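Before any comments, here is the structure.
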Amino acid sequence: MVTTAISEAPPLDVERWFNTDMPLTLEVLRGKVVVVHAFQMLCPGCVAHAIPQAKRLHEIARRRDDLVVLGLHCVFEHHAAMTPIALEAFLHEYRVAFPVAVDRPSAEGPIPRTMAAYGLQGTPSTIVIDRAGLIVRHSFGAEDDLVLGLVVGSLLNDGPAGGPQ
Amino acid sequence: MVTTAISEAPPLDVERWFNTDMPLTLEVLRGKVVVVHAFQMLCPGCVAHAIPQAKRLHEIARRRDDLVVLGLHCVFEHHAAMTPIALEAFLHEYRVAFPVAVDRPSAEGPIPRTMAAYGLQGTPSTIVIDRAGLIVRHSFGAEDDLVLGLVVGSLLNDGPAGGPQ
Amino acid sequence: MVTTAISEAPPLDVERWFNTDMPLTLEVLRGKVVVVHAFQMLCPGCVAHAIPQAKRLHEIARRRDDLVVLGLHCVFEHHAAMTPIALEAFLHEYRVAFPVAVDRPSAEGPIPRTMAAYGLQGTPSTIVIDRAGLIVRHSFGAEDDLVLGLVVGSLLNDGPAGGPQ
Amino acid sequence: MVTTAISEAPPLDVERWFNTDMPLTLEVLRGKVVVVHAFQMLCPGCVAHAIPQAKRLHEIARRRDDLVVLGLHCVFEHHAAMTPIALEAFLHEYRVAFPVAVDRPSAEGPIPRTMAAYGLQGTPSTIVIDRAGLIVRHSFGAEDDLVLGLVVGSLLNDGPAGGPQ
């Protein structure tokens, strides 16, 4: 499932962060292209495909100043298993170095708050946000590397810091 | 690392079982070839290679009466993350259908009891036990499918229920 | 090896074409982004990685009018084995649907003419040409999907037919 | 498709051999387990799966004296492309070190002689022959490593040179 209707990216409602010294907001990242990888640590498709993809994209992003990769741990099932302490061990074992936000649990049900605000259907989901803070692409399931690269690449050349890699 | 010095398989010291109605013992399984896959749910090499291999071997084993595949969850690190409740979610999400034993924690240190008794170096480890209860092969790290198949196949033809598949 | 020094793409010197009704030239394709996959049919890295990548990129390209994928069969070894008739069977068996040019053999040595004009080091090589006919990137060896996608994406948003996919 | 009806292996009718100093026959190999990988050099399933599997099995076989891996190049289509000279380049590029027989073409049609004698349905096909020269298993299509290992392993323990690896 791919949505390309453009809309403003809601703020990230985050319980805590890993791999960053200070909490991040989309507002602070305005002007950069942001790719958010929504995952659960016990989701097989995330572990086999989406997290390795996010790690590779992060390796590219850390060499430029106009692209940011964020993880979003949005637990909507097995809440007792996928706690922040379990996530911390997971990030260590899988060598995940990009910033990861823990989506804030909701009092009303199993779906955490950011997941609800973005209308995510499950994990893995990939959200591409442009320099202006608009959601340009939102996909559920395994995202092809070439397709993701094309979408992100087209946004990188769009702004003041653009130009081919 | 591969050990092929033949020795008697120590008993499994188990805190609890998943995917079996009653606790299993090697004694009860005497007469069958038993392949024990020792893993941790947050071990990347286990998730990417050893557990899928064990699942495929289990699919073969469930069609015959002389071969058994067992999982052994031997947690020696990140104990707070890899609890039995987390393991239960993991087994569900990864569709692991073979019996899985939770290695009994030790009061003396991080290494659980069966892991210590077998002298396992880490996870994944694969232990092949013959019909007489002897350890025929013990390997640490990713085990090649062809090599494992050859070892197990040579044991299956060894006893009263033998013969080519 | 990656070269990013920008220079004008030399013309393709072609003995014959497959998968196109009429011969193609870079001049005719001016205004589009062109990705040239240089390969040999008996090159393992081409068969395992580069040709599948080119096929996936071609699937994307055929749904838009600003991107073209071309194959270039540049035989510089085993000339007696990799004849056009053998290539034709190869393209059929591997379901290659994008246009493939047979690089024109040289009278002076084993390196065919287009390969020499582009200074290719071997196969697989990937050449990305922008809408103006300039070589933006030239890489030898397996090219990462994400990296290729980013480079091509940044060029697609550059011209009159641009915009996110 | 898997056939397990046991029958005597017909002789190999061979035009020429690669990777062996002298022609081989099944008769000479009697007493060993023989695995014959029937392939075509332009068959994608052979290149992606069956030949790498045969190479790995050959690496195991060369360390023991009771197991032999043979390739059988049985060209039944694209005869002009898959000549012995093209095969020679292929074997070099793909680092195939096990002996490969070129199946003898037939005057009566496109199917070569050994392929016809064995009733192969296509490529890749895998034929497992026991120490007595009987076909124990004959499969068409990608053969699972574990399954092949189990079948071969059960035969290795069967004879005078048996015993676990």
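So that you can tell them apart, the chains are marked A, B, C and D in the order they are listed, and the count of residues begins at 1 in each.
Definition applied: a contact is a pair of C-beta atoms (placed from the backbone, for glycine too) under 8 Å apart; a residue touches a chain by one contact, two chains touch by 3 or more.
Just so it is clear, the structure is predicted and the values come from calculations on it, not from any experiment.
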| item | value |
| --- | --- |
| Chain A and chain B: spacing of chain centres that average the CA atoms, whole Å | 36 |
| Whole-Å separation of chain centres (CA-atom averages), chain B against chain D | 33 |
| Chain A-chain D separation of Cα centroids, rounded to whole Å | 49 |
| Residue numbers of chain A (touch at least two other chains) | none |
| Contact graph of the chains (line, ring, star, complete, other) | ring |
| All touching chain pairs, where touch follows the definition stated at the start | A-B, A-C, B-D, C-D |
| Residues of chain B that touch chain D when the two form their complex | 4, 53, 56-57, 60, 136-137, 144-158, 162-165 |
| Of chain B, residues touching chain A in the complex | 42-44, 47-48, 77-78, 80-83, 85-86, 88-90, 92-94 |
